[in-house]
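The letters A, B, C and D name the chains in turn, as written, and every chain counts its residues from 1.
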Amino acid sequence: MKFRTIRRHFRESFKTLGRNGWMTFASVSAVTVTLLLVGVFVAIMLNLNKVADDLEHDVEMKVYVELAADEASTTALEDQIRETPGVAEVIYSSRDHELEQMISDFGDDLKLYEQSNPLREAFYVKAANPQQTAKVAQTIDEYPNTYEVVYGEGKVEKLFDFLNFGRTAGLVLILALLFTAMFLISNTIRITIVARKNEIGIMKLVGASNSFVRVPFVLEGIWMGILGSIIPILAVVFGYIEFYDYAEPRLRGEMIQILPPVPFLYIVSGLLFFMGIFIGIWGSFMSVRKFLKV
Amino acid sequence: MINMKDVYKKYANGVVAANGLNVKIAPGEFVYVVGPSGAGKSTFIKMMYREEKPTSGEIYVDGTNLVTLKNREVPFVRRKIGVVFQDFKLLPKLTVYENVAFAMEVIEAPSDSIRDRVTEVLDLVGLKSKARMLPTELSGGEQQRVSIARSIVNRPKVVIADEPTGNLDPETSWGIMNVFKDINEQLGTTIVMATHNKDIVNRIRHRVIAIEGGLIVRDEAEGVYGYEI
Amino acid sequence: MINMKDVYKKYANGVVAANGLNVKIAPGEFVYVVGPSGAGKSTFIKMMYREEKPTSGEIYVDGTNLVTLKNREVPFVRRKIGVVFQDFKLLPKLTVYENVAFAMEVIEAPSDSIRDRVTEVLDLVGLKSKARMLPTELSGGEQQRVSIARSIVNRPKVVIADEPTGNLDPETSWGIMNVFKDINEQLGTTIVMATHNKDIVNRIRHRVIAIEGGLIVRDEAEGVYGYEI
Amino acid sequence: MKFRTIRRHFRESFKTLGRNGWMTFASVSAVTVTLLLVGVFVAIMLNLNKVADDLEHDVEMKVYVELAADEASTTALEDQIRETPGVAEVIYSSRDHELEQMISDFGDDLKLYEQSNPLREAFYVKAANPQQTAKVAQTIDEYPNTYEVVYGEGKVEKLFDFLNFGRTAGLVLILALLFTAMFLISNTIRITIVARKNEIGIMKLVGASNSFVRVPFVLEGIWMGILGSIIPILAVVFGYIEFYDYAEPRLRGEMIQILPPVPFLYIVSGLLFFMGIFIGIWGSFMSVRKFLKV
């Protein structure tokens, strides 16, 4: 293909974009609306995924220390727990701290125990992989000076089941949505090209090769993909920043956090942009192909 | 230049539009194709640039076998042939100028030669002043002349014209015939022209092929239109 | 029947296709409209059934003022007029039969009268055997005859034909002229026919309106084609 | 309009549906895919809404009874609480029960208190409208024999904020999705009709009135809407029943429940069906209108 032909194809693709006015608008707006949908739902899903992770990481076990243990052996136990494979975080809670906790849960009446605290020291332990909590708990339970390890057996397994189900469902939904988006956009592009089937036939009859017919269509597809991804990207970027500014201060100190805009928004924008271009190319390419056999 | 051997064409709906055509057209010849409406003239013509493929038989254009030709190769054969379509087949979104230029862009001609040549042929068919208009803004005869301009713009070896004067008044028709005569005589272009125009056939004498019901019923050098009323 | 007063038509692109037309066509008249390609014949004709609206001037058809006519009323005027379009305007998804029947369904004719009448007119234009085909499966001349059949199927008061024989061989053309002659003489149908066919105009003498550059340059009862070469 | 014309329009609309083969397929599949998306997300959103309700209804307050109160005055307090406007549920928890709870939260060491239980009797109270919890708590706090009312002040407000935000966001998303669906479908229908613009023009030139042209198109729109809603309805109905059969036993006894298939699925099916038809009619009607001015 000569350089002037490439230039001609570029010129042609822009010209057609303009002259097909209404059809171009229909395609671009289909791309826009669909990518907007994808962008919003991807943003939501990624954040829900984050919430699931946070919930999961909130699972901890409580290790009660033998009453008989002296300070040195307690420290030794702490070190041992820390070095246990799979342990991510160990927080010590003194007997006084435990009592405070109990008073706040069961009423001031218990203040009378401040004199003779009946509670044990404890360690709050998080597993690096929360789904391994049960296994880690079992290991720690064997250590000398461990009185008991509790972690909400039964409940935790249910939570994991639920989160795993949610994550799988979310992934399926996102994939379904991406597929749907691809289908809808390429469907729209295809109809606009079917409407130009006669034109393609004429070009072929006048001696145009397949690539000569196809390249301007594919370029058009690219422009439509780019045009159609602008609004969704802007909307998701500014919408999310707005949302983050609203939500982040309110969630400060909570166990659930949302994703910070960077690099999250780069990823979503990139996804939308390349999806737009990819579908534009793919939709045009496949649709034109059907009518080239003239 | 064009050589058909035992060509049959049966359309999907069962109509047999070519029922054993045997024709040889030499380079530089000028041939009229005549016959009643629905006789198979357009089918005969469409098979020459492979708009239609014959059901059986062989067709050679400039030495290439159109029947066995690969799809990829078809454009190269078509570029040797300029076609005036019975229904014009103009690209609706392109202006008159762009429609004609398109045929030159296809062969990757340089921009300035495109500009000069397109202007030249538009002048030849009397449409220089309408170059910037879209086909929908033209009268029937003007559209037909755009199709004619496009067919000759690349100076093809063969021009195939399907009723090129059907929408033209006699005066304009004669003008177009002069254009064909010039390229035939000066460039040695082979011309195949299906027509109903008795006046033209009888006054500018050339070989006449008469088709009826998909059969060649007459093939005369320097023939007449026939079918007197 | 048709009455134009000072009709001007300037298209959006600036072309003036009617430059002050004044014409009266009486009921039952048979009128040829002649003139070179791009003269304004089709524009003249399109204004009669309001495909185009004039820029200024008045047009009356059967007493109705087409210029002030409300959009809702337009269909009722069009039903009095049968039109043969220069570019046929067949519905591509409907068969030949259905295309012709469509014009009768529009006026809510009873089913059996549709069946009989459509078969009758298809026979008249010689297409009875192609009734079940789609327009894309027809030759140029056959498509033109479907358009003719559709224009007369409702026995309209006026038949307006834009180059109805452009794609027909002389013999078929004469057949069509006979059909027009019959409905003109027997039903008193007004006929307006734009044509380039010198033979027909000169042999079946009727009133001739010659248009050039959007102006009526000649209007003769029993006229000839003129424009001799 | 005569009866035979109505019959003709029906015949015509079916015929065109068939003859436009590819275009019909494109439109119907756009409707299908879009409604499928709508169906799935509406089902999810309605269930998430249910989850939000469940979470909200899980909010309760704990009313501590004065240690001095005898059985009669405790019963009197219970009755008084029950009769407080806005109270939905009152559950009595004895001192023994409270202690059991504490032992299970803070370890067996506390069993030694079984002899001298330091805890108070309590009532667990739910407000009819959970968002009124604070107000109800205040009222109950005034009653004689009420020692203290606690309900997680601060935390509960945050939960409500979060749930309200989630509900509003969900509503906005569903509306946006419905709008998007309408737009995409009518866009697709419109393009197929633009491709038939010439046909409409020809019909008008042959003398057809606007309604004569339009009715078959609108009927076609209805058939496409119906055809396009079949798969989504079946998918949502069977998919949800499947999901319900999977999830319901697992959630038995939990605080979060999912919606039972009836009447939920009737509502969603109805929504999809009428949305399909409505958009079919609307899309056709509006698109044809543009080309009737011939």
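In this text, a contact is a pair of C-beta atoms (placed from the backbone, for glycine too) under 8 Å apart; a residue touches a chain by one contact, two chains touch by 3 or more.
Protein identities per chain, from UniProt: A, D = Cell division protein FtsX; B, C = Cell division ATP-binding protein FtsE.
Quick caveat, the model's predicted, so the values are computed rather than measured.
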Chain C and chain B - chains in contact with each: none
Both-way neighbours, i.e. chains that touch chain D and touch chain A: none
Most distant chain from chain B by Cα centroid: D
Chain A and chain B: spacing of chain centres that average the CA atoms, whole Å: 62
Computed distance of Cα centres, chain C from chain A, in Å: 66
Contacts with two or more other chains, residues of chain C listed in rising order: none
Per-residue overlap in chain D, given as positions that touch at least 2 other chains: none
Chain contact graph, described as a line, ring, star, complete graph or other shape: ring
Chains touching one another, given as label pairs in label order: A-B, A-D, B-C, C-D
Interface residues, chain D side, partner chain C - complex: 1-2, 4-5, 8, 16, 19-20, 199, 202-210, 212, 293-294
Touching residues (chain side chain D, partner chain A) in the complex: 22-23, 26, 29-30, 33-34, 36-37, 40, 44, 64, 67, 98, 101-102, 105-110, 112-113, 118-120, 148, 158, 161, 173, 176-177, 180, 183-184, 187-188, 190-192, 194-195, 250, 254
Of chain C, residues touching chain B in the complex: 11, 13, 15, 34-38, 41-42, 86-87, 133, 137-142, 145, 162-163, 166-174, 196, 198-199, 225, 227, 229
Interface residues, chain C side, partner chain D - complex: 49, 51, 71-72, 74-76, 78-79, 83, 85, 89-93, 102-103, 105-108, 110-111, 150
